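Listed next: structures, encoded as structure tokens.
The same chain A turns up in both complexes below, where it pairs with chain B and then with chain C.
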Partner chain A sequence: MTLVLTPKVTPPQRLDLSALLPHLLADKSSKEIAAIDLATTCEKITVGDLFRIRAGSAEEIRFEDGSERFDGVGQGLNRGRILVAGDAGINAGRKMSGGELVISGNVGPYAGSAMAGGRLEILGNAGDFLAAPREGELNGMSGGLLVLRGAAGLRAGDRLRRGTILIEGGAGDWLGSRLIAGTLVVLGRAGMSPGYLMRRGTIVLAKPPALAATFVDCGQFASSFPAVFGRFLLPESRGAARLFRAPLRRFAGDMAVLGKGEIFVPA
Partner chain B sequence: MRSITKNGVRIDDTFAEAFPMRGTALVITGPNKRWARQAAVTMTGFATSVIGCGCEASIDGEVEARDTPDGRPGMRVLIFAMSSNDLQTQLVNRVGQCVLTSPGSACFADLSAPDVLKIGDLLRYFGDGWQISKKFGDRHFWRIPVMDGEFLCEATTGLTKGAVGGGNLLICGADYERTLRAAEAAVEAMNGVRDAIMPFPGGIVRSGSKVGSKYKALHASTNDAFCPSLRGAVKTALDDDIGCVLEIVIDGLTEAAVANAMRAGLAAIIKLGPRNGARRVSAGNYGGKLGPFHFHLKDLLV
Partner chain C sequence: MKAFVDGAAVGLDAAAAAAARVLGAARLPVIAGLGTDVAGARAAIALAEKLRGAYDHLASDVLLRDIDVMRQAGRILTTANDVRLRADCVLFVGPKLFESLPDLPKHLDLAAPPRLSVTKTRKVFWLGASRGEAAQVGATEIAASPSSLPQVLANLRAAVLERKTRANGAQKLVELAAQLKAAHFGVVVCAADSLDRLTIEMLHGLVVDLNEKTRFTTLALGPGGNALGVVQTSGWMTGFPVRTGFGRGYPEHDIWRFDANRMVEADEADAALWISAYRAEAPQWNRRIPLVALAKPQTRFAYPPRVKIEVGTPGEDHDAIEFSQEIATFALARAKNASNAPRVADVIGRIEQNLAKGSEAC
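Showing the complex of A and B:
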């Protein structure tokens, strides 16, 4: 049975929930879980202070409600499942390497930051720097699948290196900035300068803005790649599958750097 | 030789002796059925026997567009060799020279196994730096720019060490016409069996061989015991009512696939009967000491 955490009070401070992961709670009793400190200030606050705990297997952890003060939800997740029936704060699913994290509300900045594997799904909107590296880190997301049903803020997919990001809503400016490789699909309207300084990798935009002059038009050509990728995405998003079925036109760039990346737009 | 008679066809109480091989499966797609088939036919050409071709390969069957990874018409191809190294060499040469070159083609792995062979991981260098790697989940593809667009090729394909090569049926008939008709009926039935191929021309070989030769340079030579023209001159295996012998050789990804193909072939030959088809079915073996897989004909009768 699922371990269920039901919030009792509004969090009096920002919380660090990165200790609440299946592999960390596997051998812990409810009492031990209740004693875990989640504070981010000098004022101590424990799981027991905040949540009513319904004991169960920690392989699946469900938060019955969320809050934009819930930081680090699923941070470092490597197996099992975490469900949040509400919002989450910064660093949701950061550095996760396996398992599944589903957040039904909105999330703050750096959701899926530097994630390396697993599946992260956000039903609401995300803040800036989706999947991006934190300060001083070289790479953003390096594996797994990130599905955002709502819209993303600025610089979504910054320094993406591997894996797939699918954004069903719109995206802010500098989408896929400094992209290294990987695939980034946006079904909504994208802001200015997508793929700014991207080296390799693929961005697919259903509603692209005017592209920078450093992206060169390669026109249309025959390839099995969109059909294969569209079929992979079909279980996740019918809209994405539809986008990949339509004829696509390729722009290569960013010629200001390596120029081996590409932006596909409907032909 | 002792035999069982089924619908008038004598089934020898003997067995086909088969050997372990390394094998893999691919799905090759094209812009339409014609070009999917063309790429597969070209890739599996000159691949009848490991003795002279380096591998044994053929088309396992057609794959409907809705069942291929890219939604285009496809052909499933099986390829077998005696060692993993031989198979790797043959695979990359054949995909590189015959599939990559074929208009509109794409190449996908169709066998998952812990051991792998490289395809796109080697062919990508043809892209001269413009090749693009794409991963999704545990699948890895290479996109190689070519003059008609892009060649999409899976990075690796599974390698099975449990493949079986050399299952066979010796189809003996009164004359040429009836023997060929029985062999064709058997191949037709065996084509429906998944994971098994008949690598010889149209599935049929007329020059069955024995081990050894009077000439030092040759390891194999004509199977004189089954040559009607040598009856009387050599220790023949043919009865007086047999005027022609054709052989079907089967390779399969599993022992069960070879057995299933032999079973289907035998059933078709028996159904045809001696009046229109074969009078006798036998099988080739080396006394049972060389190959670990023995397919007894009597066990394969439906």
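Showing the complex of A and C:
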């Protein structure tokens, strides 16, 4: 049975929930879980202070409600499932390497930051720097699948290195900035300057803005690979599968950097 | 110079005691502004640690653009002296570069030939200058609007790499690229104030690319008011730049979480200490949280501070150690008009003494 955490008070401060992971709670009793400190200020607040706990196997943890102040939800997740029936703050699913995290509400900036594996699904909108590296880190997301049903803020997929990001809503300016490799698909309207400073990797835009001059038109793309990739995405998103079935036109760039990246737009 | 508690003039001791009560009672106090000399910054950061609060600088948005490029991509930097002595090719990028450093053009002395250069001649270009600015240093102007700079610099970098692009009319940039590549010791002069983070990264990447064939470096101008000195002080005290918090008892750096304006508006910070000793600047936030202000007398606040202590200006009212951008290191700034106006460091020292006497944070 699932371990269920039901918030009983509004969080009086930002909380760090990164300790609430299946592999960290596996051998803990309800009492031990209730004693875990979640505070980010000098005022202590424990799991027991904040949540009503329904004991169960920690392989699946369900939060019955969320909050913009729930930071680090699923941060470092490596197995099992975490479900949040509400919003989450910053760093949701950051550095996760396995398992599954599903958040039904909106998330703050840096969701999926530097994630390396597993599946992260966000049903609402995300803040800036989706999947991006944090202060002083060199790489963004390096593996796994990130599905965002809503819209993303600025610089989604910054320094993406491997893995797939699928955004069903729109995306803000500087989408896929400094991309190193990996795949970034956006079905909604994309903001200005996608792929700025990208070295390699693939961006696919259903509704692209005017592309920068440092992206060179390569004409219609004749390959069977988009259809294969579309079938891979079909269980996740019918819209994405449809985008990959239609003919695509390829732009190579960013020519200001290495120029081995590509942006696909509908032909 | 005066001190006030709830608008009423009081002695410095009474004001410091009141400030200690306001800050000591907070769950998460934020020390914002931080417009002060090195001694003031040291005292403020030590106070933040004691209170288990957070600190941020009034110019953080600008400072962090350079810092983020530094720590995520790298930069090649030089000093103003090297520009004056060695640079045979200088490229200014962006508008209003001398606004916070009005003496810099004189210091760079670009009209004179570079003494330590093999060519003894100097070419000066300015990409995206504001009106009349390029003539001030005798630069050849290449027009570009601030909003077009990200793409113009991308096109310039592609031109240096001799890559094909779709840029029309980029002939001027191709010519500029040839001039840059012909330099023996080239320098890009730019300021984070007028460029965004990615454009700064593009510009430093351009310098790295030019170093494949020649020597090229950057003179990166920061905000005034000892902002760079505060960042360095923060670095040696905590290992992090500004926007660092001690909420959990140890320093954590988070450029989003410890943005002072955000913390106040989101009802996370429940008291603030505002410091602005260089300029009469007030906090930007709208929520009226209990405020202690160490500020210049003429500062106009959006709402009255609980405690206001008027402080002297570093290098004006009292001697101060500041980071000098002219020489790219710390220097002593002697008081130009010495007065007995209190120093930020001394006032914070008094507040801290009162904390020790009374309620400790949490």
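Methods note: the second predicted complex is superposed on the first by the 266 of 267 C-alpha atoms of A that agree within 3 Å, B and C clash if a C-alpha of one lies under 4 Å from a C-alpha of the other, contacts with A are read in each partner's own complex, and residues count from 1 in each chain.
As a convention for this text, a residue touches a chain if its C-beta (ideal position, glycine included) is under 8 Å from a C-beta of that chain, and two chains touch if they have at least 3 such contacts.
Owing to the predicted nature of the structure, the values given are computational and were not obtained by experimental measurement.
*Asks:* Return fit or clash for chain B versus chain C, each positioned on chain A through the superposition.
*Replies:* Chain B and chain C fit side by side in the superposed model.
*Asks:* Regarding the shared-chain residue A:224, is it in contact with chain B (first), chain C (second), both, or neither?
*Replies:* A:224 contacts chain B only, not chain C.
*Asks:* Applying the document's definition of touch, where does A:55 land relative to chain B and chain C: first, second, both, or neither?
*Replies:* In the superposition, A:55 contacts neither chain B nor chain C.
*Asks:* Touch test for A:200: chain B only (first), chain C only (second), both, or neither?
*Replies:* first
*Asks:* Which chain, chain B or chain C, is in touch with more residues of chain A?
*Replies:* Looking at chain A, the partner in contact with more of its residues is C.
*Asks:* Quick one: classify A:162 as touching chain B (first), chain C (second), both or neither.
*Replies:* Only chain B is touched by A:162; chain C is not.
*Asks:* Between chain B (first) and chain C (second), which does A:42 come into contact with in this model arrangement: first, second, both, or neither?
*Replies:* Only chain C; A:42 stays clear of chain B.
*Asks:* Looking at A:259, would you say it contacts chain B, chain C, both, or neither? Reply first, second, both or neither.
*Replies:* In the superposition, A:259 contacts chain C only.
*Asks:* Touching A:216, do we find chain B (first), chain C (second), both, or neither?
*Replies:* In the superposition, A:216 contacts chain C only.
*Asks:* So in the superposed three-chain picture, is A:232 touching just chain B, just chain C, both, or none of them (first/second/both/neither)?
*Replies:* first
*Asks:* How far apart, in whole Å, are the nearest Cα atoms of chain B and chain C in the superposition?
*Replies:* After superposing on chain A, chain B and chain C come no closer than 15 Å at C-alpha.
*Asks:* Considering each complex separately, which residues of chain A are in contact with chain B in the first and with chain C in the second?
*Replies:* None.
*Asks:* Spell out the residues on chain A that touch chain B in their complex, using ranges where they run on.
*Replies:* These residues of chain A touch chain B: 145, 162-164, 181, 183, 200, 202, 221-225, 227-229, 231-232, 260, 262.
*Asks:* Taking the touch rule as given, give the residues of chain A at its contact with chain C in the complex, in rising order.
*Replies:* 12-14, 39-43, 71, 90, 108-110, 133, 135-138, 155, 159, 174, 177-178, 193, 196-197, 212-217, 254-257, 259
*Asks:* Within the complex, which stretch of chain C touches chain A?
*Replies:* Touch residues, chain C against chain A: 27-28, 52, 68, 71-72, 150-151, 153-155, 157-158, 161, 163-168, 170, 198, 201-202, 205, 245, 247-249, 253-257, 268, 361-362.
*Asks:* Of all residues in chain B, which touch chain A in the complex?
*Replies:* Interface residues on chain B, with respect to chain A: 29, 31, 69-72, 104, 106, 130, 132-137, 139, 141, 143, 148-150, 152.
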